[in-house]
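Heads up, there are several structures right after this.
Each of the next two complexes has chain A plus one other chain: chain B in the first, chain C in the second.
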Partner chain A sequence: MSDVLTRLAQIISEVVGPDFLLDVEITRETTFSDDLGLESIEFVALADKLRAHYDVDLVGFLADMDIDEIMAMSVGRLADHIEMAAARG
Partner chain B sequence: MAEVEARGLRFHVQTLGPDDGPTLVFVHGLVMDNLSSFYYTLAAPLAAKGVRTILFDLRGHGLSARPSSGYTPHDSALDLLAILDALGIRTPVYLLGNSYGGVVAMRTALADPYRVAGVVVVEAACGGIVGDLWFEDMVNTLTVAALGLEFDRTQDQLKALGQRKIARLAGNASELLNGTTLIDDLGSGPHLADLAAVTCPVLGVFGAESTLIGAAAELAERIPDCRLHVVSGLGHTVLREATGELLDTVLDWLRV
Partner chain C sequence: MSRYLFVVPPLTGHINPTVSVGAELMSRGHAVAWVGHPGTLAPLLPAGALVFPALDDEVERRIQDARVQWLGLRGMAVLKFFWEEFLIPLGHAMVPGVTEAVSAFSPDVVVADQQALAGPLVASRLGIPWVTSASTPAELVRPLQTLPKVESWVVELLSSFAGSDIRFSPLLVLVFTSPSLVPGAFPPHYVFTGPALAGRPGGSFPWEWLTSGRRRVLVSLGTLNGAAGERFFGEVVSAVASLDVQVVMVAPPGAVSAPPNVLVASSVPQLDLMPHLDAVVSHGGHNTVCEALAHGLPLVVAPIRDDQPIIADQVVAAGAGIRLRYARVRADEIRTALLDVLDSPSYAAAARRVRDSFQAAGGAVTAADHLEAVVA
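Showing the complex of A and B:
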């Protein structure tokens, strides 16, 4: 597991809360809506935490997708975007 | 900035776009809605066009605090103005309200006309007979929903089935409907705006098939500086289903 994916899994755990995640192992293939049951407002909170942690702004990335595409996204795809954006500085 | 303290409450607020340029505040709809309905639709494209956009969760909704009372549209208008104070924004702002948020936006324009440069109403009846009937219908629908959530313990059943997302939506809706004065406050009217007293420019956007389409004519009749745009083939879901057309209409109206 990459560093970004590990850290992303921790941040997701903070947003989702511990009660639900006990049975769910977060991998690259985990999806936000179906697997994690994340509400769209929680994804906003997640984007906030990622901006604070990585100084990566997700707004442009998300602007090209509608809400269904965003929530159906896998954790791996988000991790890839963060890695690329962080590498660009 | 994610948390803003206003009127003694913690509000979830997001800002997208430049610090200068025209400012537009989004106001979302009731109970199942929150700022995310704008975050994923209009906010980023408007921000990219140079508009400073402000999104907030109404009290009791989304990630904002859920006090036990204070849920009239006028209360929410005062919340909005207090959030602007807390953000240090003193220049007039545009407001865009979807559904019930349109009523809050119009009440804000009446509460402090000098701070509101213009209002975009998307699928809301802010006055007149259409508004009265709409409020009555909302109160009835929410009352039935509240009873169902309370007696079926819907969220517990969903949680047991591992349906986290729907269980949370049901749980939050139940706490808002059964744990606060929201339904009583909405039923205690009159809450609608005296449209003839609105002095700022207004853009009304409606779905041609919406039950609220009668409110469009009412806006045009009573508000001197009013522009209307009707989206063909849609009902109440203009924001979600005609996002591009709505965005173009708003940009043209804002002239940015």
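Showing the complex of A and C:
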């Protein structure tokens, strides 16, 4: 696991509550929509944490996606985006 | 005298406002009819109401089966299914029946619920004025504006169904809430009437169960989500078992094992119950939320899907309640939130401000005034 992926898994765990992830291992393939079933209030909490930790705009990242891309949005894809944003500085 | 035809989906929450508005129109001497699923309409309408069928029981059953499948979905899949597998097919299914109802009843105005897409389509084809009944205000606030590709996907679906975006009538949009919950600037033909609650049939309830001197709370997940709510109901029971409150929980029989201070009923006469309550725990269905606020009751809202997160945020912004998560909420969070809305006077005070705004908006009387003006 990359550092970003490990940290992202921690952030997600903080957002949903670690005891709800006992039987879910967060991998690159884990989707926010179906696997995690992120509620909108949790999505807002995730966006806040990503902004604080990485200066990444989650809403802006999703704004360019169609409905199928949003449904398929995975932890791995977000991790790649965070790494690319960091590389661009 | 004018003739009004209400076009409604097989959904209680969307039929309810039309029942009150229809009753007000009838009391003024107008002719009123409904077109939709007769089996869903019958228990909600006054006896003798004129109903035209647009969905037979088999089609309605298929729609309900699809809804059960839809209840199992999460995230964006809910929205995709809602439009592609529910709203658009429902619109197509209702077109023949709505067309026949218009021919048979010859309405001056078609009043179409925002989720009965056949209404605007048929009315436009036949050159009859049509009005939007927005039983939830969620579409008014453009919930998908941060996702422009998803928003334009919805408009494309509507355009391929009806040739244009038919969510809002160019003549009159009846919105059953008030600007205290939905601030913002809207076109002048958008009329905020507040909830239309009068003229609905009641029901029975074991009133003797309510004891004086104790605070009372209603817990309801509405008519569509109740069966899927067992985890939530269980957390609520754990949250309230040790509290000195009486809880009326609308839940399927056997969903929870209830302690003595919790009464579980599969349905309750919700409007009749409201004056006896101190707070409401809800999924954020627009009808239940507005019924609670119309009685000045603070809310704890745990939205599940659809427009519910938007409604929940409106309640929070008005200061009239607390929003919780639904799928992962814990008993202690529910207990803390419930005690907060019961004990902190600010929530009930804000709820009473919303109640006053509803009363000023005029409800079914205002809606009927504007519907008369469409014909005049």
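As a working rule, the second predicted complex is superposed on the first by the 82 of 89 C-alpha atoms of A that agree within 3 Å, B and C clash if a C-alpha of one lies under 4 Å from a C-alpha of the other, contacts with A are read in each partner's own complex, and residues count from 1 in each chain.
Methods note: contacts are C-beta pairs under 8 Å (C-beta built on N, C-alpha and C of every residue); 3 or more make two chains touch, one makes a residue touch a chain.
Computed from a prediction, not measured in an experiment: that's the story for all the values here.
In the superposition on chain A, A:40 makes contact with both chain B and chain C.
After overlaying the two complexes on the shared chain, residue contacts for A:70 are found with chain B and with chain C alike. In the superposed model, A:62 lies in contact with both chain B and chain C. When the two complexes are overlaid on their common chain A, residue A:86 makes contact with neither chain B nor chain C. Residue contacts after overlaying the shared chain place A:48 against chain B, while chain C stays out of touching range. 16, 20, 33, 36-41, 59, 62-63, 66-67, 70 are the residues of chain A that lie in the contact sets of both chain B and chain C, per the superposition on chain A.
Within the complex, the chain A residues that touch chain C are 16-17, 20, 31-34, 36-42, 59, 62-68, 70-71.
By the touch criterion stated above, chain A contacts chain B in their complex at residues 16, 20, 23, 33, 36-41, 43-45, 48, 59-60, 62-63, 66-67, 70.
Across the complex, chain A is touched by residues 73-77, 79-80, 146-150, 153, 303, 309, 323, 325-328, 330 of chain C. Residues 2, 14, 16, 34-37, 39-41, 43-45, 47-48, 57, 62-63, 162-169, 240, 243 of chain B touch chain A in their complex.
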